[in-house]
Structures are given as structure tokens and as C-alpha cells.
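Next, two complexes with subunit A in common: one pairs it with subunit B, the other with subunit C.
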Partner chain A sequence: MFSYNFHWNQAFKALPQMLDGALVTLQIALLSMAIGLVVALALTLFRLSGNRILNGFATVWVEIARNTPALFQIYMAHFGLGSFGIHLSPYTALLVGIAFNNAGYLAENFRGALKAIPETQTRAGRSLGMTPLQAFRYIVMPQMLRIAFLPATNQMVWAILMTSLGVTVGMNTDLAGVTQALNAVSFRTFEFFALAAVIYYVIAKAVTLAARLAATRMFRY
Partner chain B sequence: MIEIENVRKSFGQLEVLKGINLTVQKGEVLTIIGGSGSGKSTLLTCINGLETIDAGRIVVDGTDVHAKGTDLNKLRRKLGIVFQQFNAFPHLTVLENVMLAPVKVLGQSKAEAEAMAVKQLTHVGLGDKLKVYPSRMSGGQQQRMAIARALAMSPAYMLFDEVTSALDPQLVGEVLDTLRMLASEGMTMICVTHEMKFAREVSDRVAFFHKGVMAEIAPPEELFGAPKDPELKTFLAATH
Partner chain C sequence: MKKTSVLAFGLVAATALTSPAKADKLDDIISSGTLRCAVVLDFPPMGSRDEANNPIGFDVDYCNDLAKALGVTAEIVETPFPERIPALMSGRVDVGVASTSDTLERAKTVGMTIPYFAFQMAVTANDKSGVKSFEDMKGKVVGATAGTFEAIALEKSVKEWGAGEFRPYQTQADVFLALSQGQIDATVSTSTVAQSNVKGGKFAGISVVGNAPYDIDYVALFTNREEYGLINYLNLFINQQVRTGRYNELYEKWVGGEVPSLSVNGVYR
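Our next item is the complex of A and B:
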């Protein structure tokens, strides 16, 4: 027999706390994307460098990031590195784990995008006296970023949702962490997590829409 | 002066240049004609070092292009090249396309580069397209932009690699007119082309390539009027 009584009031009272948590979530997601983008660009250059060691390093990174659970990656950043005496706070470990994951996926996005840019573009740049790095920086990279932009927003959404894995390493200030703590003292599991889910949904949707809007503004060619 | 001495080049088993000897003087307009696979386009990309060579040497104004230690990026500033594909940079406007290399490679100020770009674009008849993205232009316009982009680097030599081959027939004329204008202004040019009428009009000398060999080279009246090489006779008969 269905005997659960909803107590939404408790959840709504905790809303300000949860929204504070949502800000932390958004902050981690944005930071992890920024770090992920920079690392993904470096990995892309490693792959293009023709150097076997650099190329191998980038390939291993991308393979691990894409083919192991994100939970494992965050665990490794916290407990794994801890075994080697590198102790990261839950916040930093979560950030590092997600950034690692982002970098791998974004590097793969970039690889796909590069395939769509004809080799003759680089050739034209080199013919004008550019170094390989200049041709990449001014001719190939802007086109690559444009092609990879919308796929990359998927990764941003994924990063937001991945932050919820932080609870497994003791993260208690982000949306999932705050919700979990509230749940622990009130046992209103359904109400709190349903509300958290709505907040995650709204953030994710807002990011997707903002990205689409930004894309139409930025890419006018 | 561009000196080409006994240049050989193979792609795998296929030898595409079998010992080419050729000197191009300052101010000269040389056109290279010949069937596809005759090695004429390969020679152009060897001159600016985009392709390596297997034997011989190419010397541009005293610099051995393929010698170790040659700064190819620097050398390419004086060797403008325009390809069959227009290679417009799609993310930049026409003006930005032309300004990019002078700013990033030559270190010119934006104002300086813009003045030069506007001058060159106006010169090739695109003065009203500065803010347009290449995707909005015809093939002929994109190709003229590519010419202006090369000219903005103030090169000493211009290399044209079948620049009208990818164009719709009705757009060929406007690009050839641009080349004619450059030739009349005294630009040193090497043009690989299939446009025989054009070659006859603008060239100081015409070279005929066949299977990796320069079979004949002569002033246009002579080469077209009284061809000696049997392959050239066949080629001309087929193209007329």
C-alpha cells in the first residue's frame, strides 16, 4: 500500500542552501571545462607533433578518459593519488577528475573536427611563410573550435552532471553534497533529490541554450 | 633569379621530375604547359619548398631552397603561390584573409597591413568585398582574393598553379585578366596553365613538360608557331 507522505515544505525551506550548492556545482563544471579545454588543445598538439612519445601520452590519456567510469577517475584523483602521498581535498579531487575526463573527450572532439578541415588550409598558410604552429593557431584552430563547439557543450552538460559523483569522495558543498547532507538529517529522500534533479535539469538546459545563442552570435560565416 | 639545376623528384616508384634545368630571370613571365602528370605542378611546389627534391638544386636569389639550414618560412615570403583550390580561410573576412600573414609573419601593424590589403584587393577588383566572408563569393572572386593575399606579402616572384582549373568557364576570364595585369606590371611569374591563348599572350617564354622532362622551351610565337618536339605537336593539336 502506498503510505509515503510528501513533505515538500522541508525541501523548499532548504532551497537557498541547495542553490548555494548549485553555484559550487556550476563553478566546478566551468573550471573543469576551462582546464579540460586547455589540456585538450595540448593533447591535440601532441598528437599532431609527430613525436611518438607525445602522441602516445595523448592517446593513453584519451583512451583512459573515454573508456573508464568517471567515478573511477574521480576516485583515483582522491584515493589513488592519496596512496602516493598526494592528498587532494574533495573539491580539488573532483575538479581534477572531471577535468581529466573533459580533456579526453574534448581532445577526441577536436580530432574529429580536424578531419573536416582540408590539409590545403595548412598548406596555404605555410605558403604565406607561416610556421606550422602559426598555421595551426591562426588558420586551423579557429575552424576546429567552431566545428567542435556544439559537441563541446554536450561535454559541459556532462561535466555538470558528473559533479554529483563528488559525494563519493566526501564533497559536501556542491548541489549533490548539500542534498545528501540534508537527506541524512531529514530522511526526506524523494523530496530533496527530486528538487535537486530539477535544479540540475534547469542548469543543464540553460547551458545548452546559452551555448546555442552564443554560437549564432560568434560564428557568422 | 630562380635557378633550377638538374632537379629530380620521385613519388615512390614514379619519377615525376627527371632532371629539370631552367632559369627564370627577374621580370620574366614563364608559363609551363603540358598534360596532367607531366610534373609541372610538382615543380612549383618544389620551388617554394613545400615538396622536397631527390637530386639537383633550386636556388632563389642565391638561396638554395632545399639546403639544410635554409629558413623556408623566410624564403616563402618572397615566393607568392596561388593554387588550383582557392584555399580561402573561411573563418576570416576577405580583408582579414589578406591581412593575416602580413601581421603575423611580417609583423606589420594592423593599420599598415590593412592599407596594403585594401590596395591589393582593390587592385584585383574586390574593393567592395572587404567585409564579406569567402563563402559568399564566387570561385573567381575567391581566387582573386587568394592572389591579393599572396601579393600583400610583397613577393618578388609569383607562382600560379593551374589557378583557373577549378573555376566555372565563365569565371576563368576575370582571373586571367588579373594575371595579365600583373604580367604587364612587370611581376616575375611562373604560371602552370592549360589556357593556351593566355600562355601565348602573356609569356616571355613557354615551357612544355612531358612525363617529367622539359621537352621544349621557347618564346610563345616559336613554341606555338613552329613546335619541334613531336609530343608537343600532338599536345597542341589535341588542345586546339
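Our next item is the complex of A and C:
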């Protein structure tokens, strides 16, 4: 039996605080995406390089990032590195953890996109006198980014939702952290969590819509 | 005359059959034969697990005593600090025996009994941090267990100081792990917890450096706000625990030292 009376007016009083938290959440998600994209691009190049060490490094990164829980990755960034005397603040640990995860998934996105681009295009570029790097930069990469764009927005949504794992490493300024703190003081669990869920939903939805809009603009033939 | 009395008898019988007396939570517990207690098992010596993974601690014994008084069997439901209230509200537990501070803000949501235990707050610091007292914590990175009385008080202090940083961790173990790694410089916790973690030896390089000037943290049992019958029973139970010496006995067993008084001078309850 559910016995609980909702006090929404109490929860709404905390809404400005929660929206501030939502900004921090969005900021971490965006930063982690930017870092993740750059690293994923590097990992993709490593894999294409033909160098065994670079290829191995990229493979290990992708394997760990995709096959262990994000919670574990974030926890390791804070407490794992901490046991070696490397102290990341909760904010940095959360950012590093999510960026690590993003890079792994995005690298796989890029790999899938590369498969969709016929090998012959690179060869055609090479026969025109382009270096391998030029062929990649001017022929393959633009197409790869285009194909990988919408899957990458999925990762962006995932990054937003992953920020909520920051509470496990003492993060208290993002949306989940603010919500937990409010909950601890007043015990109005259901109101605050419902509000937080709505805010997460709105952010995630807005990001998806914005990405779709941007995609139709950017990728007109 | 006869007709009316038959009619009256019929009416009485009918109402007696159709509307059984409303059973409250106390009835439900007794008739179900099980008392489900929310206990935090990450909070020694109040609640933890022994080598065989069985729940042990002051709160566990307290729940068992309560079940015995009610003539039912106790079921310990492990609930981390932030999940005590959701557990109660979703009907997974009947009573919280979870070292819950009886703040006015929380009493708007759940029904609190009279205090059954009282904590003194202590400062524990990393030996390298240079923190030697509560005042030294100003401007440092400090942390505590999210959702506890001391976390709320400490966060407020950090805001008043306007310097340093506060970090809430989800479990007491994480706080002491972060403290021993030097991620945070100091923490405020109940003195019982501080002593047991420092002496436990699991966390190196930390010491208890003094008391924190916070109010004594009285903790209460809690249940649904409207269950007066059960709250009444719990209040009497707490009173009897002290009266019969069981409170002292449990305190000696799990904590030791001077038994804290559960009453406040100059006011009832």
C-alpha cells in the first residue's frame, strides 16, 4: 500500500536550486562529449594506423569503456586513482569517467560509419596523389562524421543521464546531487525525484531535437 | 415491541458482520507475525555485518527486542541512509530502526518516536591535513555521509565559513576511504562511528581530533506519520528499554563508556 501525501509546493520552492544543478549537468555532459569526440577520433586513427601498439591501446580502451559499468569507471576515476595518490575532485572524476566512456562508444560509432564508406573512395583519392592522411581528412572523415552524427547524439543523451552517477563520488552540485541533498534534509523523496526526472527528460529531449534540427541543416546535399 | 427488537438485533448483527474494526499497522504487524525493520548496515557499531554476513549491531538488537515484545519474528531490511524513507513509503518496512535524527523538517514526512539513542559528534582528520580541531576545518575539503544529521550540519558550516568545500558520500565507508586517501581532509561523524573506524584499522593515517560543536544528535525510531497506535507502542517500548536496563546493557555491548541520557532538561518529551 502506498501511503504518502504529496507536498508539491515544498518541492517547487527548491526548483531554482534544481535548475542550477541542471546547468551543471548539461555542462559536464557537453564537456565530456567534446573531450570524448576528440579522443574517439584519435582512437579511430590509432586503429587505422596499422601500428600494433597504437591499435592495441585503442582496442583496450574501447573494450574497457564499453564492457564495464559507467558507475565503475567513475568510481575508479575518484577512489581508484585516489589510492595511488592522484586526487581528482568529484567534478573532474565525473567528467573524466564519462569522457572515457564516451570516447569508447564514439570510437565504435566511427568504426561502424567507416565500414559504410567504400574502400574504393580512399583508393581513388590516393590515385589523385593524396597522402593517406589527406584521403582520410578530405574524403573519409566528413562522411564518417555525417554517418556517425545521429548515433553520437544517443551518446550525448546517455552522457546526460550518466552524470547522475556523480553522487557516488561525492558530487553535490549537479542535478542528481542537488536532488539527493534536498531529499536528505526534508525526506520528500518522491516530489524531488519526480521533478528531477522531468528535468532530465526535458534536457534529453531538447538535445535530441536540437541534434535532429542541426542534422537536417548541416547535411543537406 | 418484539418486531423492533428483532429489527434492532438484525441491524447490529449486520453492521458487526459487514464492517470489521479497521486494522491499523500495529494489528497488521501482529497478525502477519513479522516485524520488518529498516536498518543501516553500513554504520558500525549501530549496524554492520559479521564475518558470516549476518546483520549485527545496536540497531539490529533493538529491532530484535522490539519483535520479541510484539511476539513476532524480526526481519532486518538493509537500507542505505538515503533509502530509509522510500523503503517505508513503499511498504517494504514497518519501522525504521536506523539511527534517524528527529529533525522537524523530517517529521513533516514521517512519524518520529521519542529518542532511543543519542550521538555526540566528533571530528576525524587525515594526519597529513594539519586539522587539529573543529575550527581547523575551515577552508579545507571536508565530507560526510549524505543524508545524515552531521552532513546537513557540516554543509551548513561550510556555507557559513564561505571557504573550503563540502562533499557528501553515499556511504560511511566511502567517507573514511576518501579521508584515508586524502581526498578530503576531515569529516564529522558520530563519535561512536569515528572510534570504531579509527580503531578498526581498515583505514590508515586518520585520527579522531576532537568534538564538533553541534547539538547532541537524538535519533528516533520512525514509522508512517498517521500510525499513532504503533508510535504509542514504540514510545512505551523505548521507555521500557531504559527502565529495564536493557538500553544500558546494549550500550555497554556495542559502544561502551558513559551512557548518554535520552531526555532533555526543562521540557517534556
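Simple rule for what comes next: the second predicted complex is superposed on the first by the 219 of 221 C-alpha atoms of A that agree within 3 Å, B and C clash if a C-alpha of one lies under 4 Å from a C-alpha of the other, contacts with A are read in each partner's own complex, and residues count from 1 in each chain.
Keep this in mind: contacts are C-beta pairs under 8 Å (C-beta built on N, C-alpha and C of every residue); 3 or more make two chains touch, one makes a residue touch a chain.
Since we're looking at a predicted model, the values are computed, not measured.
Enquirer: Looking at the superposed three-chain arrangement on subunit A, would you call subunit B and subunit C a clash or a fit?
Expert: Subunit B and subunit C fit side by side in the superposed model.
Enquirer: Quick check for you: in the superposed arrangement, does A:7 touch first (subunit B), second (subunit C), both or neither?
Expert: The second partner, subunit C, only.
Enquirer: Just subunit B (first), just subunit C (second), both, or neither: which does A:168 touch?
Expert: second
Enquirer: Name the contact category of A:143: first (subunit B only), second (subunit C only), both, or neither.
Expert: In the superposition, A:143 contacts subunit B only.
Enquirer: Identify the partner contact of A:126: answer first if only subunit B is touched, second if only subunit C is, both if each is, neither if none is.
Expert: First partner only.
Enquirer: Contact-wise, after the overlay, does A:83 reach subunit B, subunit C, both or neither (first, second, both, neither)?
Expert: The second partner, subunit C, only.
Enquirer: Which partner reaches more residues of subunit A, subunit B or subunit C?
Expert: Looking at subunit B versus subunit C, the one contacting more residues of subunit A is C.
Enquirer: One more residue to check, A:184. First (subunit B), second (subunit C), both or neither?
Expert: second
Enquirer: For A:201, select first, second, both or neither according to whether it touches subunit B, subunit C, the two together, or no partner.
Expert: neither
Enquirer: Considering the aligned complexes, could you tell me the closest Cα pair distance between subunit B and subunit C in angstrom?
Expert: Minimum over all C-alpha pairs of subunit B and subunit C: 49 Å.
Enquirer: So subunit A touches subunit B in one structure and subunit C in the other; where do those two contact lists coincide?
Expert: Shared contact residues on subunit A: none.
Enquirer: What residues on subunit B touch subunit A, complex-wise?
Expert: Contact set of subunit B toward subunit A: 48, 50, 73-74, 76-77, 80-81, 83, 85, 87, 89-91, 100-101, 104-106, 133-135, 146, 149-150, 153.
Enquirer: So in the complex, the part of subunit C that touches subunit A is made up of which residues?
Expert: 81-82, 85-86, 89-91, 103, 105-106, 108-110, 143, 146-148, 151-152, 155, 165-170, 174, 177-178, 181-184, 224, 226
Enquirer: Write out the stretch or stretches of subunit A touching subunit B in their complex.
Expert: Against subunit B, the touching part of subunit A is residues 118, 120-121, 123-131, 134, 138-139, 142-143, 146, 220-221.
Enquirer: Per the contact definition, I'd like the list of subunit A residues that touch subunit C in the complex.
Expert: 1-4, 7, 78-79, 82-83, 85, 87, 89-90, 167-170, 172, 177, 180-181, 183-190
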